[in-house]
Structure formats: structure tokens, C-alpha cells
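Questions regarding the structure given below will be posed in turn.
Lettered A, B, C and D in written order, each chain numbered from 1.
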Amino acid sequence: MIKAGIVGGTGYTGIELLRLLSQHPQVELAAITSRQEAGTAVSAMFPSLRGRVSLSFSHPDKAPLKNCDVVFFATPNGVAMGEARALVDAGARIVDISADFRLKDVAEWERWYKVKHAAPELVAEAVYGLCEVNRDRIRGARLVANPGCYPTAVQLGLLPLVEAGAVDLDHLIADAKSGVSGAGRKAELKLMHAEASDNFAAYGVAGHRHWPEIRQGLAQAAGREVGLVFIPHLTPMIRGIHATLYGRITKELDFQALYEKRYAGEPFVDVMPAGSHPDTRSTRAANVCRIAVHRPRERGERGDTLVVLSVIDNLMKGASGQAVQNMNLMFGLPETAGLEQVSVVP
Amino acid sequence: MIKAGIVGGTGYTGIELLRLLSQHPQVELAAITSRQEAGTAVSAMFPSLRGRVSLSFSHPDKAPLKNCDVVFFATPNGVAMGEARALVDAGARIVDISADFRLKDVAEWERWYKVKHAAPELVAEAVYGLCEVNRDRIRGARLVANPGCYPTAVQLGLLPLVEAGAVDLDHLIADAKSGVSGAGRKAELKLMHAEASDNFAAYGVAGHRHWPEIRQGLAQAAGREVGLVFIPHLTPMIRGIHATLYGRITKELDFQALYEKRYAGEPFVDVMPAGSHPDTRSTRAANVCRIAVHRPRERGERGDTLVVLSVIDNLMKGASGQAVQNMNLMFGLPETAGLEQVSVVP
Amino acid sequence: MIKAGIVGGTGYTGIELLRLLSQHPQVELAAITSRQEAGTAVSAMFPSLRGRVSLSFSHPDKAPLKNCDVVFFATPNGVAMGEARALVDAGARIVDISADFRLKDVAEWERWYKVKHAAPELVAEAVYGLCEVNRDRIRGARLVANPGCYPTAVQLGLLPLVEAGAVDLDHLIADAKSGVSGAGRKAELKLMHAEASDNFAAYGVAGHRHWPEIRQGLAQAAGREVGLVFIPHLTPMIRGIHATLYGRITKELDFQALYEKRYAGEPFVDVMPAGSHPDTRSTRAANVCRIAVHRPRERGERGDTLVVLSVIDNLMKGASGQAVQNMNLMFGLPETAGLEQVSVVP
Amino acid sequence: MIKAGIVGGTGYTGIELLRLLSQHPQVELAAITSRQEAGTAVSAMFPSLRGRVSLSFSHPDKAPLKNCDVVFFATPNGVAMGEARALVDAGARIVDISADFRLKDVAEWERWYKVKHAAPELVAEAVYGLCEVNRDRIRGARLVANPGCYPTAVQLGLLPLVEAGAVDLDHLIADAKSGVSGAGRKAELKLMHAEASDNFAAYGVAGHRHWPEIRQGLAQAAGREVGLVFIPHLTPMIRGIHATLYGRITKELDFQALYEKRYAGEPFVDVMPAGSHPDTRSTRAANVCRIAVHRPRERGERGDTLVVLSVIDNLMKGASGQAVQNMNLMFGLPETAGLEQVSVVP
């Protein structure tokens, strides 16, 4: 059994990790920390885990994290970078679900996250945990930077096109819609039911931290810089991201075949039949990204713009599910271990 | 007092018309028809109108529509084209909220609506009821084709750019999100709460009837054909459309000023301050389109793509509210008469 | 024109008052205060009011409240009691939408609100603003205590039975369900969309501040103390209260007739036909309470329990709408002035 | 491996069964029937099952149901009673999720379901599948009548009181709130998102088919007839039932202890700590009933009414989860096999 620790287990990625790890056949939950909730039984805070998780939250200073085989950071940005060094030195391997190690350009990171990076040398070592891209490097990694939710949906949706150089890489568009849990478990006015339900709006059009992360991934796939307009929207649902992706075609290909080939054998990417409209609920509570490729008309019968629809559950393939997938790779387990939940529909 | 009749008053545009007309200071509701509900009191079907509407539904053959000053068609597509002739000949003026008279190209209309048009000569006469474009012609019209909901949001959002020739007219993109009432008051599986709530998906990517309507309007504004990718999505909310519009800039302008100037004096178009993110609820139950103009980065500090956010209540500015606005114009009333409802927030 | 001031205009009862008063034919909005938002334009905070409200928030110390004819307190509990004296002395009349003056028993009030009352002498003077009970006294009042949302729905639903002594007054049950806006515009974890949507739970079973308020009102109607179990529940909707009320029959009457007679002529209480199931949306954004009376079977064909369904919009008849109704009474206006909004459905 | 068949697999209980059985370690899905969808791949209809269920729907006449060890009826009422005989004779055991075999009194059944019963002799044999009551009889049953959703929540909530004779059995009250999936996967106007969301209403106050089912169960527990007012309400959520149960205390007991003792050792009934307010989402997608017991004040410090809160996921413990629990009992499997899903929160 792999001994797993969770730092910061009171947010949505934390409770989702608990749901997954408590059912994982090869994992033993060794510790979960929360400064505020130290001493509280996990199941007292989250009644959905009554009878399933017997741990209590530990104070971060007292938790036996160094004895863990793997430590997940389900913390706000800025925590993992301060604590990772000691854990890595002690031999624990890390999956950081926060953003601390995602951007390779430390100066860029510091511009977006508005704080000095505490462990730039670990940034260089960290492997970006998009399994469908970095599977082999993840296997050997000591520190995995788990991708953001939008970046997962957008990159998986655009990678085949970008790798094939089939669309105009200077003017990609990602029109993305997210459920409210993507913002985390925090009391914020615009996330309240009375504000967010029966409502729809864009936000962060002037700049969103996931923009440089997506551009970094696509640039690596393209071997050159890419231009991207990224417009996130808040949608009145709990879970789910729907990315509608637009690229101007520059090379004629069988795009459906391109996608099917790129993701053949991938356990958690589902290229749907041509003409499909994947809905977010078909990924609800499951670790999967579903993708459909379209080429609609623009005028007459002609269309030069490829439209890709990419959906995930932001807490699963967009966060905690992908974190477990990374752990599975790191420890030589079957990649699907503990991740075989079927989507909850309706 | 203007005597108004409503044909087909049991759908969402019908009940919204009833809400508006029952409060309109210069309108008297003379008749409302429904084949199925003939004899039923309107307020028995819609308890929200108890004490406000004393009419009962009449059978279409028996309703005194020809004596009305104005007749609204709140019917499924295909009804108005069969009945308009007789009413017009009798001297009634018509606002058709359905799609029968929106497309000037009758062959194109027949391709999309899959039925032979019953009154092509009226198509030629009909005035497209987008008040911000055709105000003067609407004043004198006998027959107004009230625009569709998506076409209203998309056209109002793109018109200033198209009229100015400021963006690439071959590759416009409209990524539109609609609440479920846009599909009408009909029991359809995908519109059920258990299916549509906590869910998000695109639909009709291969072709949607509002695509030719939008292209017709933009082409007229441009004086040339335009290319448009139009992707509608279903959002878990009751009312509201949010159109996120993308155009590649071809001419540098002060875009904020362009919009403010274009819509200066318009009572129902609100150009918001630069940097705004209009939310759909800010238009809930009100006859207004709110617009914000953005120019986000694509790479480095540069951006070549203009992003316009345009929101409406699909039942108000997207249907019945605009229909009343058209009626006001047709009868020389103040354009805002009966349309001064403030948005219901929260 | 009546000059109206609003103290604390940034909450839900505040914005709802703004919606109503900005359309009221005989009211001029003179001032709206907010300590935090002083200087901010109201329409910058609430874009739904763009073009409708030109005021900015004033600091409470600088607002010309003493020159107002009427001042509404849309504040958290505990504010009005400190400021009412000075305003009343200056000649302004007050409608307090908060709870400060609702309970006549000051000691009881202090137990529930956990603070010493600052103006007990005004408690004695204050008139409880349930118009259907205290209409005449409201007309002459200087200070009206606007009822709570649950108390409005529950009292209007039970009053005919209690006044008639037709049910067991020791064991009334009010099973009440509220939308989230009832909790106010505040960022609280359990009110977030990710927590409250697609979810349902009771709360405050051990004790809720509206319990003594309801019991006070019913006791006054009964002329004796009453026993009441009051169970509030949080429902995933924005607005609306549905109270399901149970009373054991002690006197056989024609209950439908009893209700119709009790509320005959009431402009804002709608006794629906026997067998009706009023839904909350039939009151959405409108100042109305709809009531249906049922006598279901318990065993065989017999039933001894009367079930009354009572629905309101908690921000309208449950708060700001009723506040305007009180103002209309206080100033001799038609009771329905500015309150003729039709429910927004769908 | 147990060979399982599903009759009528296109509804919500059907897809939920598929989710459960496709992950059950000791079940092999042998057949699933649908008259309308014969030949369609299950995963084409339900994309959430892509990669998980490879079966196609079979025509009922051609499906190898008689070779199955167990057949689940996930059909509308009235189907199972016509087909059960032949299957039972062929040696298959049956779990009927519909209502055909729930009421022992055939005449009563026929009054409520308005059709003649096709297999009254099987009614006598059928075992009512409330595992917490009939566990032993279920083990040996050939035909199990799976309880309704409301009856599960209400009976589990009231049984300890009824068995102990601790409350007035003539006047029980069940105020129950259900998500929309309880009505099944059918296009019905009042279940549409535009109608049901942001709304709340009671329905069926005059009579609901679950009323006699609940009374039958409670009467059996009491050894005498019971009186019950049962008021169901439609709540804007997908899954979940919250039953708020009221009983007048006739015998003083330690009620918390009564419940804890009654359900000690039950794997799927969770008696929460005193003072708890279970929310429906804490059961979402999990086979569990959570219960809390309260004794609120009615006047002064005294309360004679016990209030029990009982929540389930209507598709799990209220339907398909309980059906699998019954199957586990019938085939000597661990009762929790395939039912260890953790609730999906948020």
C-alpha cells in the first residue's frame, strides 16, 4: 500500500481527493492537514465521508508527511513552493494540485501570482503532469505539477491540431465555460447561489492565470510561440468545463482521424464520433475528457475554421482525478487504478 | 387605446407578451387565441396572471383578430405565414415573433424551415424588426418580422464593427450561450431540469436556423456577404443569452468610442464601460441589450482579436420586449412605453 | 412626491427597494447610504440599475435622511434601533425592514438577537407592518416594523384558522422552504452555488429568530399563547418561500370559504381555487401571497389535519414589496401604487 | 458471476442500474431491453457509459432474460406484472423497481394504479424489499418488490418511532421534498428546467400513490392501521429526497438512542449526531439514508412533537441502489458489494 498524505484537505480538490483515495485499492490515507481544522474529524466537516474516512485533520507541523510515499498539495497557490523541498529531501514524492510549479518561466510566474517564488530550482525539476503529453517523465518524477482545470480541457482539445501544425498558431481562440467549483471552496459574493445561478457572464477577459499555462503547453507542442485568446465564463453549474476551441485551418487533414489516432489507447480521453456534442455531465465525477471535432460552415458550404468541443469535470480530470492518475504513473500502478468511477448521470 | 390580439398565447413569448401588454398604458388586450386551450381562462393556465388578465383563450377561428389594431404572432414557425394576409387586408398590423418573415431569400428560408412558404409576397413587404437598424421603416410597416433571440444579441454586438469595416468579415465567430426558455415552452427531453441543469453543451454546430438570419443582417450592414461561425450552447438558466463575439481587427479604431457613438441615444442598448463583464441577469425581465468591448492579449502584449460581450433576456429584447418596442414604433407611441421594467436582480 | 431615503442599500432588500422605488410614480429617491460604498454610483455596483438610478451611495453621516419623508432601513439587525430616534424626532417616518422593532417583548428580543436593545421605548410605539392585520394602525404610524419573510408567509397562511379558533392552537406546524436570497447578500459558505444548488436541507431546527415573531403574531390573533413547530429549509432557488402549514382541526368549517372571506378585497393576498398547488414562481418579483387550502386523507377517507400552502417572494411581500405597501398606507397613497409588477414567469 | 438482465433500461432507474452493475465485481450484464431502442448501443444513448457498457438494447422478445440469474424491472408501472410469471417459472429471480408488487391489497393497488392487476398470486409471494425490515425474507425471495423513493425515506425515518409506539399513530405527517429525477426520464412540462428550476411547489396533495405504500409499511410495523398526511413537493434539484417527519410524542424515550440502536450495524442507514441537519447531497450517488432526530420547542421550553429528518438519493437508496442491495441479499453476496460509492460532493 502506498502511504498518501494530503496538505490542505478542506477545499474542493481536497474532498475530491478524499473521495478517490478512500476507494483506491492500493492507497492508505496516512495524513491530512489543515491549520484551521486541526483535530476535527474529516467526516464531521464532510458528512458525505461518514463511515469512509476515519482520519482527523492534523496540524501541518505535526502530520507525518515525511513518512508518506506521496504527498498531494490541495492548497491555495503559494503553499507548496515553501514546503516541497523538505518533503522531497525526505524521500516523499509530490503531486502539487496548486499552480506553484506549473510555469517554467519563474519571472512569468511571479508576474501572474504576484509573489516571489520560494523554490525556483524545483520549478526546473518539476514535471508538468499532463499525462497524455508527459507520461514517461511523470513516471520518474519526484515532483509533479498537476495542470489547471482550464489548461487540461484546452490543451487536450488543441494538442492534435497544434502538434500537426494544422491551424494558424498565432490566433487560437479558447472560449471556456466553467462551473463554480473551479473557483474553490471559498465564500465569495459572485459565487453565491443567489448571484451565480440563473446567470451567465465572462470574467477575467483582460488576463487569467491559466492563459500563460496554456500557451506554455501549446508552445512546447508546437515548437514555437503561439497566440491565444482565452475567454473564461462562469456557468451556473457545480462541476464541469466546456471549452469551445477555434482554429483557422492552414493544412487540410482528416481531422477526425487525427484526433482518434492521437488519443488511441488513452484511457481517459474519449474522442467522440463526428458530429457529437459532448455535455459536461457525461464527465461528472469521472476522470475523463471527451472531445468532438467539427468543421461548420462560414458562408455557402465552405468553412475554414475548425471547432473543437472539449469537456471535463474540473475536479476530476481537471484536478484531483488527474492527480491520482499522476500518482498511479509515479508508482507503477495501473494508470486507471482507483479511477474507474462511471459518470453520474442524471 | 390600441387593441391588441395575440395568436398562440400559450408559449413563453405569449406569456411574456401578456405580462408586458397587461401593464402597457396604451394597450387594451382584445383577444388571445389557442386552439387547444380555447375557453380556458388565461389566468387558470398561468396563475402568475391571476388578477391581471381576465381574458380567456379563444379559438383562432372565433377571435376578433381582424378588429385589432395590432396582432402579435407568438406561434410556432409556419403559422403566421398562413394567416397574415387576411389580417393585413383587414387593416390589422402585424408583429410576427416567429421566424416566418425574417429571411428575405424565400428559397433559403424554405431550406432551413423545410416547408414551402405560404406568403412569399409578404416576405418582400415585411420589415425586419431590429429597431436599432430599421427604426424608420418599422414606423410605417404593416408587417414586422421580429428578430430571433440569438440574432438580436449577435447583430447588436457586431453591427458597429461590421458597419465600420473594422474586422475581417470573412471569419466572424459568435460563441453564444442561451438559457432554456429560448427553446420554447415544450416538453423536450434535453430541456428537462434533470437533463439540462448542472450541465452545459453545444448544439446545432452543423447548422442552426439563426445562422442565415444573422448573416443576412450583417451582410446588409456590410454591403457584402460575410462569413460567420455560429456555435450555440445550452446553459442551465431560464432566461438570458450571452454572445461572445470574435473578430480579427483589420482597421485600428477607438472601439469603445465606436460603440458608444453607434448606440448613443438608443433607449435599449447599453454600452458598458471599458473592461466590463455584463452578466445576463442584469437584463433579466428587462428590454435591454448590454454590450462590452474588449481587446485581450494573444501573445506578449499584443492582440489582434476584438472580443465583444453582448447580453440580453431572450424573452424580452430577444422576443416579446422587442415586439412591444416594434409596436410602439408602428403606432407612434414613445418607444419605451410599457417597457420600463427594471431588471430583476437577484 | 414623497422623498425617500434608504439606509444600507447594498443588500438584497436594498436593491429590491431601489427597483421598486425607482419606478414608483409618487416617490423621489433622495438618498441611499452605505458606509463601505460611499461615493460609488449605485448603478456601478448594480448594473441592472444603469440608466434607472442616478444616485451614488452617501456616507450615513452625510446623507440628508432627516429631510426625507420616509426612511427605509435595509440594514442588518441592530442598526435601525440606534438611528431611528433622531429621524423620528426630525419628522421622518420609518419603515424598518430589519428585525429591530418586530418583537414587543424586549427581553425576548434581546435573547434572540443577543444584544441590548437601544430603543425599547420605540418598540412600544412601533406598529408591526403586516398590512392585512394592522392596516389602520399603519396609516398613522411613525415607525413601522416590517415583518420578516417567513413570518409573512406563515402568518398569512394561518391567520384565518387562528382567528376562527378552528385548529389546535397548541400544536401548529410550519414546514417552510426558502430560496437563498432570504439569507441576504453575504458571502457565506453554505449559500454558495457549489454548496446550495442541487441540494436541500433543513436548518435552525433548534431555534430560529422568526419563531418568536410568528408566535407573537398568532398569539395576538388568537388572544392566547400558541404552540408552533417551525422548521425552515434552504431550497436551491434565488427567491421564494413556500410554507406548508399543518393544523389539527378542532372546529368544522367551510375552510375554503373562511379564507376567501378573510382575504376578500385584499389586493395582495390571493386565495386560490380549492385543490390548487401555488408555486413560488407565480409570485416571483411581485408583491403577492398566494394561498391554497387542502384537507387530505389520513386514513380511509378521513382527515383531521388541515394543510395550507402559502407562497411569497421573500424579497417582495416578504420584505421590500411589503415595505412599499406600508409606505403607501402611511402616506395615504393607493395601497397598490408602484406595486403592480406582474410575476416574472418563466 | 451473476448474470443480470434489465428490462426497460432507458429510464433513470435503468441508467443508474447500468452505472452500478457495470462496476459490480460479481455481476455480468447479460441483457438490457428496450422496445423503442432495440439495436441501439447503450453507450450511444448514454455517452456517460462510453467504454463502460458494450451492450446494445435488445427487443424484449429476443432478450435472453430467462437465462439470467436475476432480472431487474426498470419499467413503467404495469409491465412487470405481465412478464414476471414466465421469468420466475424459468428460474430467474426478479427485483421489480416499479410499483407492481408493492401493495399487498390488490384491490387497493388497482384503485391507485387504475388498471387490473395481471398477477395477483405473485403479489402474495412478493417480498417488499426494504432490507432494513425484511432482510431475511429477501434472502429467500424469488420476487422482490423494490420500495418507492418516498416510501424508503419516510419509512426509514419513522420506523423506530412506530415500532416503539412512541408517537400518535393516527396523525403522522410526512412533508417530503423530491428532486425532479424522481418523476422519471420523461418529457413533461412541469419538469422542464424553465418550469422547475428556481421554483418550488407541492403536488398531489389530494392523493399520491406512495401514500398507501407508506401506510402499509408503517401499519405492519405498528401492528395496527396508521393515519398519515403525506405532502410531496417538487424541488429544483436533480436527485435527492428530504423527508421532514412529524409525530406527536406519546411515550417519553431517549429518541436519539432509539434510532442509534434500531439501525446499529445497518450498512446503509446513518443516524447522525443529535442536532444534525443532513443535506441531500451527502447522499448524492451513494446508497445511504441519513437520519437526524430533533425535538424542537413549541412554546416556552416545551415540545411535544418529534421531528425526524431523513434524506436519500432517490435513484440510489430510493431505487437502483436498493435494488442492487436486494440482489446482493438474494444471492448471498456481501450486502455492500458494488455499493461502496462515496457521495459526490460538491
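Note that a contact is a pair of C-beta atoms (placed from the backbone, for glycine too) under 8 Å apart; a residue touches a chain by one contact, two chains touch by 3 or more.
Note that the coordinates shown come from a computational prediction; the quantities given were computed from them, not determined experimentally.
S.K.: How many degrees of rotation carry the C-alpha atoms of chain A onto those of chain D, rounded to the nearest 5?
M.R.: Here the rotation carrying chain A onto chain D measures out at 180 degrees.
S.K.: If every chain is reduced to the average of its C-alpha atoms, which one ends up farthest from chain D?
M.R.: Comparing chain centres, B lies farthest from chain D.
S.K.: Measure off the straight-line distance from the CA centroid of chain B to the CA centroid of chain C, and report it in whole Å.
M.R.: Those two chain centres are 36 Å apart.
S.K.: Taking each chain's centre as its mean C-alpha position, how far apart are chain B and chain D in Å?
M.R.: 45
S.K.: Find the geometric centre of each of chain A and chain B from their Cα atoms only, then give the gap between the two centres in Å, rounded to an integer.
M.R.: Those two chain centres are 38 Å apart.
S.K.: Could you list which residues of chain A touch at least two other chains?
M.R.: Residues 12, 179, 181, 185, 194-195, 197-198, 236-239, 278-279, 281, 284, 346.
S.K.: Which residues of chain A touch chain C in the complex?
M.R.: Its residues touching chain C are 12, 179-181, 185-189, 191-198, 236-238.
S.K.: Across the complex, what residues on chain A touch chain D?
M.R.: Residues in contact with chain D: 12, 15, 19, 22-23, 46-52, 181, 185, 197-198, 238-239, 270, 272, 276, 278-279, 281-286, 290, 315, 340-346.
S.K.: Provide the residue numbers of chain B that touch chain A in the complex, in ascending order.
M.R.: Spelled out, the residues of chain B in touch with chain A are 170-171, 173, 175, 177, 179, 194-195, 197-203, 205-207, 211, 215, 225-231, 233, 235-240, 242, 244, 246, 248, 275, 277-281, 284, 294, 296-299, 302-305, 307, 309, 311, 346.
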